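So that you can tell them apart, the chains are marked A, B, C and D in the order they are listed, and the count of residues begins at 1 in each.
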Amino acid sequence: MSFTHVLGVARRSPTFAVGFGAILVFALLAAFADLIAPLPPTQSFPYETLRPPGSGQFLLGSDGNGMDVFSRTIHGARYAFGIALPAGAIMAVIGIPLGLIAGWRGGWVDEVLLRILDVLRAFPTIILALAIVAATGQGFLNVILVVGFLDSPIFARIVRAEVLALRNATFVRAAVAAGNPEWRVLLVHILPNAILGATAQLPLRMAWAVRISATLAFIGIGVQAPAPEWGAMIRQGAEYVISGEWWVALFPGLALIAMVLGLNLAGDGLSDLLDPKRRATGK
Amino acid sequence: MTAVLAIQNLVHRFPGGVQAVNDVSFAIAPGETLGLVGESGSGKSTIGLLATRLLAPTQGRILFEGQDITRLSAATLRPLRARLQVVFQDPWGALNPRMTIGRLLEEPLRLHGGNLAEARLLAERVRLPLATLGRYPHELSGGQLQRVSIARAIANRPKLIVLDEPTSSLDLSVRAGILQLLEELQRETGVAMLFISHDLETVRLVSHRVAVLYLGRIVETGPAAALFETPGHPYTQTLLSAHLPPDPFVALRRHRVQGEIPSPINLPPGCFFAGRCPLALPACNAGPPAMQPLAPGQEAACLRIADRTNRLEPAEDPA
Amino acid sequence: MSLGGFLWRRALVALPVLLGILFLTFMLVRIGDQDPVAMLAGPMADAPMLARIRAELMLDQPLLTQFWAYLGRLVQGDLGLSWQGNAPVTQAIADHLPATLELVTLAVGIGALVGVPVGLRAAERPNGWFDQASRFGSLFGFSLPTYWLGLMAIFVFFYLLGWAPAPMGRVSMMVTPPEVLTGSVLLDSLLAGNGEAAWSAAAQLVLPVGCFAIVATAPIIKHTRAIAIEVMGSDYIRYARACGFPRRIIRRIALRAALVPVITFVGSEFTSLLAAASLIEFVFAWGGLGHWGLNAILLGDFAAVQGYVLVLAIASVLVFALVDLVVLLLEPRARA
Amino acid sequence: MTLLAVQDLHVEFATRGLDNRLRVAQALNGVSFTVAAGEVVGLVGETGAGKSLTALAAMGLLRPPARIPHGSIRFEGREIIGLSDRELEKIRGRRMAMIVQSPLTSLDPLKRIGDQLVRMQRVHDTAHGAAARTKAEAMLAAVRIPDPARRMRAWPHELSGGMAQRVLIAMALVNDPALIIADEPTTGLDVTVQAQVLDTLRDIVAARNLGALVITHDLGVVAHYCQRVAVMFAGRIVEDGPVREVFSRPSHPYTRALIDSTPGRIAQLGWTVTGGTPPDLYDLPQGCLYRDRCPRAATACLAAPPRIAVSGTHGAACHFAGEAA
C-alpha cells in the first residue's frame, strides 16, 4: 500500500474515497471532541438562549437551553459512532454465523431466517424499532441492542446469499472431495470468500443504524434531550423552525447527513471496488 | 482382482423430477481408464459426483475397493477420500481464490497426515514452476491451474481419480500437455481413472474402455478401439458420425438423425433413443432394452443387435 | 396458472406472515411498562374499578388466551377500541388511511417518474458525468432524514418566503372542507367543485409531498440504474447492437427488460414509505395513519398499534401480490 | 469479389490498475485477411489470440477502452473504421450480419421469435407488415426449423440451444446480407446438434453465394466447413491459405503444433507438443511472438517475420516457412 495505491483507489472509486474521508473526519471529531469543542456540550447559559450563529462564544448559535450548538454537534459524532460501531459489531457477530449456517446447511435455521425476513419485509423495521424501544425502555444501550438485533437478519441474508452462491462453487466441492471436514470447508474455504461481499454492505447497514437511532431520538424515544445526540437536537430545534431560529435544527441535521452520506458513499464505493466484474475490465 | 470402483444399478433423481442417472452399472479395474461419453443431459457429471460420493444416489450401490460407500456418512468417508480423488472441469473455479498455490498443494497432505514438505515434490511432479507456489490462482494460466488440481488429486497416492471434463475448457495445445501428464501418472502409479468427457477424440485417446451414455443410461460399452471402429448402438453410430475429425482429408459419413435430446423429465418407458432412431421398432417402446453382446467385451442396449440389423445407413457428406 | 389460483396461492403464503406479525406486535405491546388500564380509567379510578376494566379487557388472562380472543374478534372485523379518543380502531383506520395513501401515492408516483428516467439515463454511460452525479444525488437522498428535510422546507418556504401555508393539516382552517368521499381532501374538493378547498388542499400537499418525493426518488434511481446496467450488459443488448439496431430501439428493448424488476422495486418502495410516512406526517401535523400509528406507539395504545401494524402488513401483502400480477402479465417466462 | 478486406489491423486496450498506472494491452498486432463472396473463411486460434476481437472490429462494434490505432477494414469497398454509429447501423444486420455464440441469451427474451424476425426487417427497412412475416416464416423454414408457422409464435425461452442457434441464423439471413460473421457458432451445442446446425449454415451460404467468416477454436469445424483458414496467435495471423493446403503442409510451427495437439495425431505420433503460455499482451517482445515456444527458434527470430508465401495462396509469418518441414 503506497501513495500511488491510495491515488489508484481514489481514482477508481471517488465515492469510496470521499465517503471514507468523511468518516475519518467524524472519527477525529468524536475522538477529540473535548479538545475541539469550545464549550462543554451540556453547559447551559440560561441568559443566552437562542443566540444566532456567530454571536459571542456561539459559533453556530445557541439552543433553547442556551447550550452551544457547535459543541453539541461535534459531540454528537460520539453518539453516531456509539451506535454505528456496536450495532455493526452485533450485526456481524450474529449475522455472519447465522448467514453461514443458513446458507450452508439450509434446514430449520434457514427456514427460521427466511420467515423472519418475510416478517421484516412486511413489517417496516422503523416501526418495529419504534415499537420495541417504546416497549422495552429508552436507554441508549437499548437502542443499540434493538437496532443491532433488528438488522442482523438482514446482514445474515447478505452473508447467506454469498454462501449460497459459493455452496455449489467448484472449489468448495473440491475442498469436500479433498477430505476437508465440514468445519474446515466452512471456515477456511467459504467464509473468507463470502465475507468480502458482505463487508461492503457493513457501512451501508451502519448508515442505516445511525439514521434510525437519530430518528428514534427525534420522535422522543431513545436518547433524551439534553444529551448531544443529533436526532434529539433536531427535535429540540423543531419547535423553533416556525419562529425563525433555524440553526438549532440545521446544524445537527447537516452533521447527521454528512455522517450517513459518508457511510453510504464508502459502502457503495467499496462494493464497486470489490466487484470482480469491474476489476476484470479494469475500469 | 476386485474392481477399484464398482457401480451397481445406480439411479439418481434430482428434486423436481429430473432423472439424471437411470440404472447405470460399471466397474473399473486397477490401472484402467474408463471413458464415460455423453452429450448434455446424459448424466455423466452426476455419475462423477455420485462415484466420489459428493452426492448420494437415490438407488443403487457404489463400491470402492470392495467397500460399500453408498450410504457412508461424510465423516466416515473422509479418510477414504485420500484414495478416491476427483479433478473438475473448470480449473479457474476449482481452487480457492484466497489460498496460495503452496497452501493449496499442502492441504491434501495436511488433511491426510502427509508430510507438508512433499508439496514441492508434487509441484515438480506435475511440472509446475516452483515460483508459482507463492502465487494466487488468478495469477496462473488455465493449464497451470489444472496441474495444481491434478497435483492435489495425486497427493495421497489415490487408487482412483474421477476426471470430469478435465481438459474441456483448455486450449488445444495446453490440453495435450495435461493428457500426457495423466498418462504418465497412470503408468507410474497404476491409478485407475474414470474419464468423463463429451469429446470423443480425447476419450478415444486416453481410455481403455468406453461407456456411452444417453439420457442417464449406458447404451453401449466396449474396448475403446472396438467401440470407435464398429459402434453397435444407433446412438453411438450417430454420435461418432456427427464428430468432425480435425482433418479435411477424412470424408464425413453422416447419419441424418434429426431432432435433439429430449428433456430428462417424463422419460418414455422404452429405449430413450427410440424417438429419434430411424431403426426403431414398435418393441423398442415397450421397455428398456437389455444389453446385447456385439463382440468380446462390447455390448449395446439395442434390440436390433439380435439379428444384426443395427447398422444405420450412412448418407454421404453433401460437400 | 389461472388468476384465481394465483391469488389463492398468494393468500396461503401471506397468511402465516400476517399471523406472525400480529403475534409479534401483540406480545411486544404487552411487554412494555405502560399500563393501559390506568390510562383508560384516569387518575380518579379506585382499585375495584381498575380490576373491572382489567377483566373487561381480558388483561388478567394469560397472553395466549388474550391473543386467541383477539384473533376471534379480528375475524369478525373487530379490531378493538383505541383509547386515543375512545373510537373503534377500524373507524380510526378508515378515517386516517386516505390521508397517508394520498401522500405516499403522490411521493412514490413522483419518485418513479423522476427516478426511473434518471436511473436509465445514468446506466447508459456508467461512470460518465451524469451517472456520477445521479449516483451521488441518490446516495445523498438516501442519507436525508425526512423529518429534518421537512423542517428545513417549512423554515424556508413558510417562515422565510411565505410561499407555503402553515404546516398544520391537510386543508387550511379558513376554508370549509368538502364532504368526505374518497378521503383525499384534494380529490373530494375537486369532486365537490369546491375550488377554494381544492387550492388549499393542493397547497398543503406541496411541501410534504415534495420532501417525501426526494426521499422516495433516491432508492428508485439507484436500483433502476443497477437494473439497467445489468440489462445493458446482457447478451441480447449486445446482440441487438450487432444487428445494427439504432439507439432508440435498443433503448426500448432495454426499457422493456428493465420494467419488470423496476416495478417490483417500486412496489416494495411503496410499502416501506407507507411506514416512513409517519415521520413526515408528524412534522406537518398531517393527521394521517402514520401520525396516528406513531402516537399509538408512543402512548402504548395496544389495539391501535396492532391495527396500525396489521394495515401496514396487509398493504405490503397486497402490493406484492399486485406487483406479481403485473410481472405475470409482462414476463412470458413467468407464465410458463 | 472481395467483400471484406482487413489490412494491418491493430487494436489496443488502455486500462488503469489499482496502482493507477496506465497499462496498454496490444490485443491485435497487424491482422490482414480477406473474405470473398462465395467462400467460407475460418479464423482459428486459442483463447486470447484475438479472434473475436477481429470480428467485433469488422462489425464496427469495438467500444472504449478498445481502440484502433492503426489499420484498415474495408467492407464492400468502403472503409469501416471511422464511420459514424448511424452509418454502421445501416451496414450491421443488413449487409453484414453476425451469428453469436450464446443463442439462448442473445434473443430478446420479451419478444416472440416471429416478431424479432419482423423487427429485424423493419429496422433495416427491407420489408414490413405481412411481407415481413412471410419472409420471416420462410427464413425459419430455410434454416430447417420444423413447423415454422408455430415457431413464429414461440418465446425464446421455449427453444432448445440448437433451435435458438437456427433462429439466430435466420435472423442473420433475413435481410439478405452479403457477409456472415459467425463467432463460435456451435461452441455451446452438443456434437449431434452442432453437425446439423453447421450443415444448415453451409448449405445456405453456398446457395446464396454469401461470404462467411467463421471464428472457431475447433479444427474440425475448419477442416470440414471452411475453404480457407487464417491461424491467429497473439493478435497476429501466423498462417493463412486454403484449408487442405494448410492442413497438409502447415508452414508455421504454431499451426503444426495445433494440428499435432489433436488427439488423433497424438495417437499416431505420440506426445510431441508441450503447451506454453501465450506472450504477455501488455509487454510484447520484439520479433516473432512464438519464439519462446518454438522448436526452431533461431537468432533470425529476433526480427519480426514477414509473411512468406508457400504457394500462390498459402503463406506463413515465419522466417523458415519456405523451407521443407
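Everything below uses one rule, namely that a contact is a pair of C-beta atoms (placed from the backbone, for glycine too) under 8 Å apart; a residue touches a chain by one contact, two chains touch by 3 or more.
Protein names from UniProt, one per chain: A, C = ABC transporter permease; B, D = ABC transporter ATP-binding protein.
Just so it is clear, the structure is predicted and the values come from calculations on it, not from any experiment.
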Chains touching both chain C and chain D: A
Chain A and chain C: spacing of chain centres that average the CA atoms, whole Å: 24
Chain A and chain B: spacing of chain centres that average the CA atoms, whole Å: 51
Chain centre separation in whole Å, for chain C relative to chain B (CA means): 57
In chain B, residues with contacts to at least two other chains: none
Touching two or more other chains - residue numbers and ranges from chain A: 283
Contact graph of the chains (line, ring, star, complete, other): other
Chains grouped in pairs wherever the two touch, ordered by label: A-B, A-C, A-D, B-D, C-D
Interfacial residue positions of chain B with respect to chain D in the complex: 39-40, 141-144, 171-177, 179-180, 183, 198-202, 204-205, 238-239, 242-250, 252, 254, 257-258, 260-261, 317-319
Touching residues (chain side chain C, partner chain A) in the complex: 16-18, 20-21, 24-25, 28-29, 31-34, 127, 132, 135-136, 139-140, 142-145, 147-148, 151-152, 154-155, 158-160, 166-167, 268, 271-272, 274-276, 278-279, 282-283, 293-294, 297-298, 300, 305, 308-309, 312-313, 316-317
Chain D to chain C touching residues, read off their complex: 59, 61, 85-86, 88-94, 97-98, 100, 102, 105-110, 119-120, 123-124, 155, 157-158, 171
Touching residues (chain side chain D, partner chain A) in the complex: 15-21, 23, 65
Residue numbers on chain A that touch chain C, as the complex places them: 14-15, 115, 118-119, 121-124, 126-127, 130-132, 134-137, 207, 211, 214-215, 218-221, 231, 234, 237-238, 241-244, 246, 249-250, 253, 256-257, 260-261, 264-265, 268, 283
